[in-house]
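These notes are about the structure you will find just below.
Order of writing sets the chain letters: A, B and C. Residues in each chain are counted from 1.
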Amino acid sequence: MSVVPSTESLPERRRVGDRFGDLFLHGLTGAAAAAAVVLLGAIAWKIFQLAWPAITKYGLAFVTRQGWDTVHNKFGALDLIWGTAVTSFGALLIATPLSIAIGLYLSELAPRGARTVIASLVELLAAIPSVVLGLWGILVLGPFVGEDLEPWLHRHLGFIPLFSGSPENAGILVAILVLTIMVVPITSSVCRELFLSVPAELEQGALALGATRWEMVRGVILPYTRTGVSAAVLLGLGRAVGEAIAVTQVIGAGHGIHWSLFVTGDTLASKLAEQYQGAVSNLQIASLVYLAAILLVISLLVNLAAQFIVRRFSHEHAGQN
Amino acid sequence: MAVDAGRYALTLSPRTRRRKLVNLLMQALATLAALSAVAVLAIVIVSVAQRGASALTLDFFTKTAATFGQSGGGVANALVGSIVIVALATVMSVPVGILVALYVSEFAPPSIAGVTRLALDVLNGLPSIIIGIFVYGLLVIGSGQAAWKGSFALAIIMLPLVARATQEVLALVPSTLREGALALGASRWRTVLGVVLPTSVGGILTGTVLAVARAAGETAPLLFTTSIAANAVTWDPRQPVLSIPYDIFVLSESPDPADHARAWALGLVLISFVLVTSLTARLLLVRYRKRLEG
Amino acid sequence: MKADTMSAVAPIEIAQPREAPRSASDREIVFETRGLTISYGKAPAVSDVNLAIYRNLVTAIIGPSGCGKSTFLRSLNRMNDLVPSAKVEGEVLYHGQNIYGDGVDPVEVRRRIGMVFQKPNPFPKSIYDNVAWGLRVLGMKDDLDGRVERALTQAALWDEVKDRLKKGAFGLSGGQQQRLCIARAIAVEPDVVLLDEPASALDPIATSKIEDLMHELKNEYTLVIVTHNMQQAARVADMTAFFTLERTETGGHGVLVEYDETPKIFTQPSDKRTEGYVTGRFG
């Protein structure tokens, strides 16, 4: 004889409690999510609010003005934008082929046992706090660059404007190298995952034709992962653009726009870090935050572009497997 | 069965020889790239260890016992300061991060989940100095610096990390577990709090540890929120406190070699903490994942 | 009919081939395996295979699942090299040269011995580039357009794609994609084409087209096909090799049981195991 549970005996109280509990949890978690989204908006809003006095004073011409004169209260962003562009793109120029090569090594070449070990080691590079990398940059990399690398470059390639000027221990080149060290682990680990995701049958199809491994990489893997790699590069760019501490430690707080990589300079982010100890005038503070606003816009654009590509890339190959 | 040496010979033609050479060259370049990345890691760690260790033996021998507040700022107050700031930031960010992840994975309709995830990803990519300026504008202007304000800035940085790690772990919980609980008549909230969340604790923990490791090394958000501090050791979050990364920053820019020595030592402490926690967290995550996937 | 008489058996309907199967007599041997044993790690997958493949014939490899048919096939163009734990003992003589000998490069081997896979795997490129890629890589760039057209024609695909050569290969149907893969393989002028269950992922009409194709292709190439479909082997193959799984304490490995002209395998098999398989009693 089976016992059929009677539905009338379920207490009403419990049902109401459950529904309330469900609603409460739903509401609480929803509020947290809303807060996260609102936070983004709040950050943008606050930055522009603080920068407003400078925005009204200079308008968009701020972006094309040179010079940062605290004595005469005249500020402009052009030097900093130039510095950001040169250091970031310089770092990307070196980091991108390096990252692709490392990604290929970790996905195709490395002996099975060593793969995870080396991959973890490369990722560990990303875990080094930027201030420690900057410290190493000032006291170890800087002297090497100023006393060995730059003189060598000047001696052999000094006809290129990039390598003209007198070698220094701090400057744009050191900043580029430090940023490269920060960007490579990020970009290479994304590249590695991308290369691993290429279907094996595609690789085998190429090899069965009598292609070498490199030809297979060039003909199948790289084209297949093209969009993903560009998103990875954008992620690296976002990192390079936003790095304030390590850059300010090694870039030497210079000004002006020069072709030489040996000179000191500043980026949007490093200028902010440099002047944190307080500005003399309100206009200076507002101008500083105006720099932050420009940095925010650049960073958002780069980031959103990367996210957009990632989301589209996952659709692109969805139908093929 | 004669060997037709011309047509069917399997010896390498000159063209194939060239192709194999290119192949070998590319393999060498890729290997070189990977090895140089590892080499840079080794160089940095060795530099810090070498220079930091020597300073450790002198001044830092007394670090754990007492404060030393000689010239240039002590180490103990930076240590304590970091502990206070990071602990508070963890308390602020972890519950919120878990809640956001719960919403995205258990409650949100797909479009809203997508928007939230995008917002978290964008938040994650924001330069930390901008977050510092934001908190400065929001909290510090007019009322001054304080440790908890620095914590707030760090919490904003930790939030997307905790949320993403929690989300990934929640996604690993087999749907059969949820369905089993619901089929027993348990309500949504009981299922989530009583079944799904406890199963995910291991992953949430490791995600938190990784976020802590990241926050412990951040300097930029603290510049504007908690940098002007007195020399004494204080556990009061309402005061501005020194932190390890900020101390390294200041010492590194000083011209005094004694300051450099202290910076290396602090750097060694920080790097050890960050690397050890990162490695442990990753290992735990791998093992936890294996257990979940069974 | 008693189960253990070695008399003619044909209790199930054996499909008729399109033309009379060719004879192997007086034909040149393209492949000869001697004592071929392939293992993954310690466990052998296929043991001691001695088999000769003849020129311009279609040779089918049949047998129950897990008996190492694909493993054997892949050893003929050294695709097993891609599996780290794979070990090959014995010899595979291609026109008298051991392809596993010292100094023989897998790249050269695969150039002569092409492969078509079970699931169509065209490159994420245009139809034209799918065929042209191998040609470019191997330096056969003269008259590229002509070569591409010839390959697609031989693969019975030209008419269907000649107006959309620059379109992506993924726009094609499954059957068309597989014929594209065949075109890609024959474009580089191999000597042999290996086909690993080429129609198992396709519908019956597409399958029929592929089988027709094989009849044409064997005039120029030597074909070796692995198939789990006995009827297909009966329709298409001139020679058939029957593999089966031999169980041991540690597991099992594949062995070659019988190899003969197709009609004989299906109507008068010499081995009881072959008889059991082709009459549908097992496998």
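In this section, a contact is a pair of C-beta atoms (placed from the backbone, for glycine too) under 8 Å apart; a residue touches a chain by one contact, two chains touch by 3 or more.
Treat the numbers as computed from the prediction; the structure is a model and nothing was measured.
J.: By CA centroid distance, what chain is farthest from chain A?
T.: C
J.: With respect to inter-chain C-beta contacts, which pair, A-C or A-B, contains the greater number?
T.: Result: the pair with more contacts is A-B.
J.: In whole angstrom, what separates the CA-based centres of chain B and chain C?
T.: Once rounded, the distance between the two centres reads 53 Å.
J.: Can you give the whole-Å distance between the Cα centres of chain A and chain C?
T.: Each chain's C-alpha centroid was found; their separation is 50 Å.
J.: Using mean CA coordinates as chain centres, what's the gap between chain A and chain B in Å?
T.: The answer is 15 Å.
J.: Listing for chain C: what residues touch at least two other chains?
T.: In chain C, 107-109, 111-112, 137-138 touch at least two other chains.
J.: Chain B: which residues touch two or more other chains?
T.: As it turns out, chain B has residues touching two or more other chains at 19-20.
J.: Among the residues of chain A, pick out those that touch two or more other chains and give their numbers.
T.: In chain A, the residues touching two or more other chains are 212, 215.
J.: Flag every residue of chain C that touches chain A in the complex, lowest number first.
T.: 77, 79, 82, 84, 107-112, 114-115, 117, 119, 121-125, 133-134, 137-138, 170, 181, 184-185, 188
J.: Provide the residue numbers of chain A that touch chain C in the complex, in ascending order.
T.: Checking each residue of chain A against chain C gives 112, 199, 201-202, 204-212, 215, 219-220, 223-224, 319-320.
J.: Applying the document's contact rule, which stretches of chain C touch chain B when the two form their complex?
T.: Against chain B, the touching part of chain C is residues 28-29, 32, 94-97, 99, 103-105, 107-109, 111-112, 137-139, 191.
J.: Which residues of chain A touch chain B in the complex?
T.: Listed in rising order, the residues are 18-19, 21-22, 24-26, 28-33, 35-37, 39-40, 42-43, 46-47, 49-50, 98, 101-102, 104-106, 108-110, 118, 120-122, 124-125, 127-136, 138-140, 181, 184-185, 188, 212-215, 217, 235, 238-239, 241-245, 249, 269, 272-273, 276-277, 289, 292, 295-296, 299-300, 302-304, 306-307.
J.: Spell out the part of chain B that touches chain C in their complex, as residue ranges.
T.: Its residues touching chain C are 1-4, 8-13, 15-16, 19-20.
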